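Think of it as A, B and C in the order they're written, each chain with its own count starting at 1.
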Amino acid sequence: MQAVIQATIEFVKQYWAPLVCSVAIVAILPLVAGYIVLVERKIMADMQARLGPMRVGPHGLLQPIADAVKLLIKEDIIPEEADKLVFWLAPVLSVAAALLAMAGLAIGPAFQIAKDINIGILFVVGISAMGIFGIVLGGWASNSHYSLIGALRSSAQLVSYETAAGMALVCGLLFAGSLNITSIVQAQYDQGIWFGLLAPVAFFTYLVASIAETNRAPFDLPEAESELVAGYMTEFSGFRWSLYFLAEYTNMIVVASVATTLFLGGWLRPFPRTTWLNFLDFLAPLAMIGVGVYCLVRTPKQPSRVQQIFMLAVAGLCFVVALVLVVPLVVPLFNRSLAAAVKPFHDGILGAFWFILKVSLYIYFFMWLRFTLPRYRFDQLMRLGWHFLIPLSIINVLVIGIAMIAGQYFNLTGWALLLTTVPASILALIVALFILASEQKSEPQKTSAAPDSYA
Amino acid sequence: MLSIGHYLFLGLALFIIGVIGVVTRRNVIVILMSIELILNAVNINLVAFSRLYGDVAGQVFALFIIADAAAEAAVGLGIIIAFFRNRETVLEDEMDLLKW
Amino acid sequence: MLDQVIFYTFAAIAVISAILTVTRRNVVHSAVFLITALLATAGIFLQLRAEFLFIVQIILYVGGIMVLFVFVIMLVNLDEAVRQMRFARQKWVALLISLALAAQVGLMFWSSRKMPGQGMPKFAAAPVEMLPPNSEAVAKSLFDTYLLPFEIASVLLLVAMIGAVVMAKKRT
């Protein structure tokens, strides 16, 4: 018994940081996901020329909390003759997979829960692929036809686009040379160029595939409200539904983080190696100061005293963040000797800012697409995945590999590698479009939406 | 301290449970799932020995076994679907068309 | 100590899930327990420092093969199957023979502990800190020494893909 206690104390002493971070993520992520939903509703409103949630809290900022309370106090309905074990297990599987995938991500060079996994990116992709079971088992356990069809369609879509996403990641990994997340970002630093610029077709493929992977519009037929009554999520209400919801938004954050790490430079600022662009580092605190000033300017225009105080609080928060960001930048200017000591903070905090900015832009792009494009029909969706994206990504891996060998032969690195990869990418795109066009000519376009063998 | 024996016994346990599943259950899909258990037991053995001798060949062999298991599961399930369409059964003692 | 705790946890989960897989009446429950057994096996791989195999097990086995199983189970799920006999008529003889096999192999393992010079070695051959990065080592071996089996495996997968599609197609 004594040895067990001793060993536990040793374990906690060695691994206290990842444990605390894990608990923090599991505690804070539902709140973050709730606020991403609020942001989505506000952006949706903005694109539809209206205001969005405004009643609950100043400018609707307490809406997620109201939604969470509502979901928690709802009655827990289990359908009759539903399989209770699997009905309980399905949302748990989705959420567990999504949250576990968050553990492999790195926000900054020092902000990683599971430090230096040898298989970094593959870990994240593989664990988030386990979330498919939550969908399939949830649809089956609901004992309802619509749920089952929605679940089978959704999982078929996820499995189809997983291949294309994986091949797109392989393309980016060809440049990186390692699966370790820190090494990938370090490789982008060493070559001075983001891999999304070196392999734009791979980035595009991963973008489209990740939209399909997270069941977002325009690929959200399996869970659209007008189609299958919310598909596999139909029979889940209250807390179980909020788990599925949390899993979906966490998956969005995970795919955005993977794309950012591999294609958008991770925590590096644009042009990380050119020293005469070092003033770009100041963009981070300046942006936060700008937002704070905007909040201050809008304060007198708020209708009530509570909302004015709230705006002042938000402005104050922005200024505090700007202060935190500016300290590692300004200290080396005043005191040269402290530059080396401050560098980890510099890389860490500013890196975290750039990472969160890129992830937010990626998620904003998701939301932009959701409110702009109409939904794909299911057979069109499968055709796009199998007949276009998979050939495109496989051919892309081939030609980018050849381009890399050509680049090594001519000793091109960094930006000069664009000379070989851009023609290669264009070639891959042309070949894939040719394949798609010849598919379209060979099979007659189906006028009805009757799928034949996948439910 | 863990020795190779621990992993060998774990592999043996999974193997025997898989064998019991194959020879005992009637449902053909459960038989296929038990075959997957057997393959996993073999994988555990291979990886344990790979770690013991520091040779990565054991893990490479396990990788090939996983790829092979995927192919076999796909073909096996295709056969089950085709048979189910004809005979409406997935029980192994009702698949007796070739019996005299 | 941590190694032992992780090993015993994953081993217990694997064995219990395997037993439940083989004995459940509902086939979907069997599939769910097989998923947990495969995840526990992946955990054993991770504990043996085979990180690439751990993630390949999760991506291929759990995320690929088991999804296929669950799809097919849903396609062929008959309600009456729940009320029929689970076990075949030969179950007692089969159980006896399997346990005899288990006893044989177990005895072989157990007796080799005591052989002088050939006992069960402990894991001192490759201490953890000196292991090369796992993905790189597997990749080097796969593309260097075992390139031919690798290519044959890809042809095998192509053949299996074609075969599965042909067999599952509806004959319209």
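Observations on the model:
Throughout what follows, a contact is a pair of C-beta atoms (placed from the backbone, for glycine too) under 8 Å apart; a residue touches a chain by one contact, two chains touch by 3 or more.
Being a predicted model, the structure only gives us computed values, none of them experimental.
Among the inter-chain contacts, the highest number of C-beta pairs connects B-C.
The most distant chain from subunit A is B, comparing centres defined as mean Cα coordinates.
Centre-to-centre separation between subunit B and subunit C, using Cα means, comes to 7 Å. Remark: subunit A and subunit B have CA centroids separated by 36 Å (rounded to whole angstrom). Computed centre separation for the pair subunit A/subunit C is 31 angstrom, with centres defined by C-alpha atoms.
Counting only residues that touch two or more partner chains, subunit C has 52, 64, 134, 168, 170. Multi-chain contact residues of subunit A, defined as those touching 2 or more other chains: none present.
Of all residues in subunit A, only 3, 7, 10-11, 83, 85-86, 89, 117-119, 122-123, 125-127, 129-130, 132-133, 136-137, 140, 148, 152, 155, 159, 162, 178-179, 452-453 touch subunit C in the complex they form.
By the touch rule above, subunit C contacts subunit B in their complex via residues 3-4, 7, 11, 14-15, 18-19, 21-22, 27, 30-31, 34, 37-38, 41, 44-45, 48-50, 52-53, 56-57, 60-61, 64-65, 68-69, 72-73, 75-76, 78, 81, 84-91, 94-95, 97-99, 101-102, 105-106, 109, 113, 120-123, 125-126, 131, 134, 137-138, 141-142, 145-146, 149, 153, 156-157, 159-161, 163-168, 170. Residue ranges of subunit B in contact with subunit C, taken from their complex: 1-10, 12-14, 16-21, 23-27, 29-30, 32-34, 36-37, 40, 43-44, 47-48, 50-54, 56-57, 59-60, 62-64, 66-75, 77-82, 84-85, 88, 90-93. Within the complex formed with subunit A, the subunit C residues making contact are 1-2, 5, 26, 28-29, 32, 35, 51-52, 54-55, 58-59, 62-64, 66-67, 70-71, 74, 133-135, 168-170.
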